[in-house]
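For clarity, chains are labelled A, B and C in written order, and residue numbers in each chain start from 1.
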Amino acid sequence: MDIIYLLDLIGTFVFAISGIRLAARTDMDVFGGAVIGFVTAIGGGTVRDLLLNSHPITWMADMTYPMVILAAVPFTFLMGKKLNNFSKTLFIFDTIGIAMFTIIGMEKALSFGLNPFMAGTMGMISAVVGGVIRDVLCREVPLIFRKEIYATACLLGAVVFYLGLQINLPDNLNYLLTTGVIITIRTVSVKKSLSLPKMKA
Amino acid sequence: MDIIYLLDLIGTFVFAISGIRLAARTDMDVFGGAVIGFVTAIGGGTVRDLLLNSHPITWMADMTYPMVILAAVPFTFLMGKKLNNFSKTLFIFDTIGIAMFTIIGMEKALSFGLNPFMAGTMGMISAVVGGVIRDVLCREVPLIFRKEIYATACLLGAVVFYLGLQINLPDNLNYLLTTGVIITIRTVSVKKSLSLPKMKA
Amino acid sequence: MDIIYLLDLIGTFVFAISGIRLAARTDMDVFGGAVIGFVTAIGGGTVRDLLLNSHPITWMADMTYPMVILAAVPFTFLMGKKLNNFSKTLFIFDTIGIAMFTIIGMEKALSFGLNPFMAGTMGMISAVVGGVIRDVLCREVPLIFRKEIYATACLLGAVVFYLGLQINLPDNLNYLLTTGVIITIRTVSVKKSLSLPKMKA
């Protein structure tokens, strides 16, 4: 199995968990949790596919995605508070997930003939829109607009990935490098509590 | 006139009313009420059509839908608090509405070649997304994620409908049976105050 | 350069500013401001293009739009509170912007064969949906549903524009007349504090 595909599925699983857990904190029922998990995991790719006019939408053509997301529901439910002990693991896989979503989204956009700026934007949309929809449905001001270097990490990863394409870096090396950059930026920014400057009202 | 089409229009009308009334409670003006009524009534079908890449979007191709929705605005405005006396009637037609939306959405998805799982999901999306958008625009945590067996009734109805197709049940009987199942589940769950278990945070 | 195109770009710039400023008041960081500015400026046109199945989406095919929006971020950041001194100018250009968005959206919808009612709806969607998404992301009940004759001005402008087309008014005159009607209605309604009646709950 393709390693990118596998990591994409793991990212999907971890994204779904993040949605289900926020739903639980928002006092939703199991169905609400499943839906929030679903839209968190597939929201970004869906908006990207609609904007690109790429049909069928990825998760509608490959049942593996819905299955992985559905599996996240009992998993999160059964693990309960124990998941707090794995917050570092979840953080790592969430970050690998946004790296995968960025790369896959960007490759798809480039294959549709978009210029690098647009393709990077599509990569970032793939990575962050699911979380934004999750936060809106749970009535939070979207997290990524308030703190943490998150989307910025995706954008910088997109730049690295594009440069890698330009110098004909072997694909696997380029994937590795891009993912490394995104993980490093996000990890350092969380450890050092770095954040972007606030806007002045 | 096709009975399914007629019930679909009645469902559209009742959905619009539910949106307009929530808008009124959220202190919106008449225009806000009309828009919320509109998106409540057509939101689910629109998202389904976009996901399926089915154009033109249903309500853009058949003016009857916008007309029915527009008619709901003065109707709700003139009825005012008197509508509270008809809450049981509204409940019944709202439930018939989600049954129609589920069936129509599922048939459409199957005609686009989706598998039964995906088609059931599309049926449920048709039935519930309008209400979710309504609640988000009115700054409520979407009702269906918090209480009431609602989307679950649609999903179970979708299963029944699919089984009916598999055993070649005559269409009208299948419609009737599916609608009956959805109405029964929802009515019983409301009467007995049944709800899905909450997630643990 | 086409005057309509120029005014459309100015409208885009001013819409982006309105998004960035609301993001700043919502305590977002610079990235959040950029995103909110972006979706405010392109949200309406994007939803219109998706509904019409018009691809590529306008801003994905013409880099001028993203560039104008990106330029609004440092501009708003650097101007800061000084922008309060220009609220009348911003108001005028915002109103010219909704007039342009209405006209362009309506022309596009008519070119796709939609009837006048639908085309007017598409014009209004082009003009107001970006602001609605902005407000939802910033957790406000959308402004246009609560006060001010705003969308109504677009709708009346759409009627005028359509009548102008029917009597074969020269395009430029029709643009001017429609824009004049929209500006007049909105300006008068703000000056006289006119608003639509509230719904009764």
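Criterion: a contact is a pair of C-beta atoms (placed from the backbone, for glycine too) under 8 Å apart; a residue touches a chain by one contact, two chains touch by 3 or more.
All figures in this text were calculated on a predicted structure; none of them were measured in a lab.
Of all residue numbers used at the contact between chain A and chain B, under half are used by both chains, marking a mostly different-residue interface. A rotation of 120 degrees, rounded to a multiple of 5, brings the CA atoms of chain A into register with those of chain C.
Centres computed as Cα averages put chain A at a distance of 30 Å from chain B.
For chain B, the set of residues touching two or more other chains reads 50, 53, 136, 139.
Per the touch definition, chain A reaches chain C in the complex via residues 50-51, 53, 114-115, 117-118, 121, 132, 136, 139, 141-142, 144-147, 151-152, 195-201.
The part of chain A that touches chain B in the complex is made up of residues 20-21, 23-33, 35-36, 46, 50, 53, 55-57, 60, 63, 66, 76-77, 80-81, 136-139.
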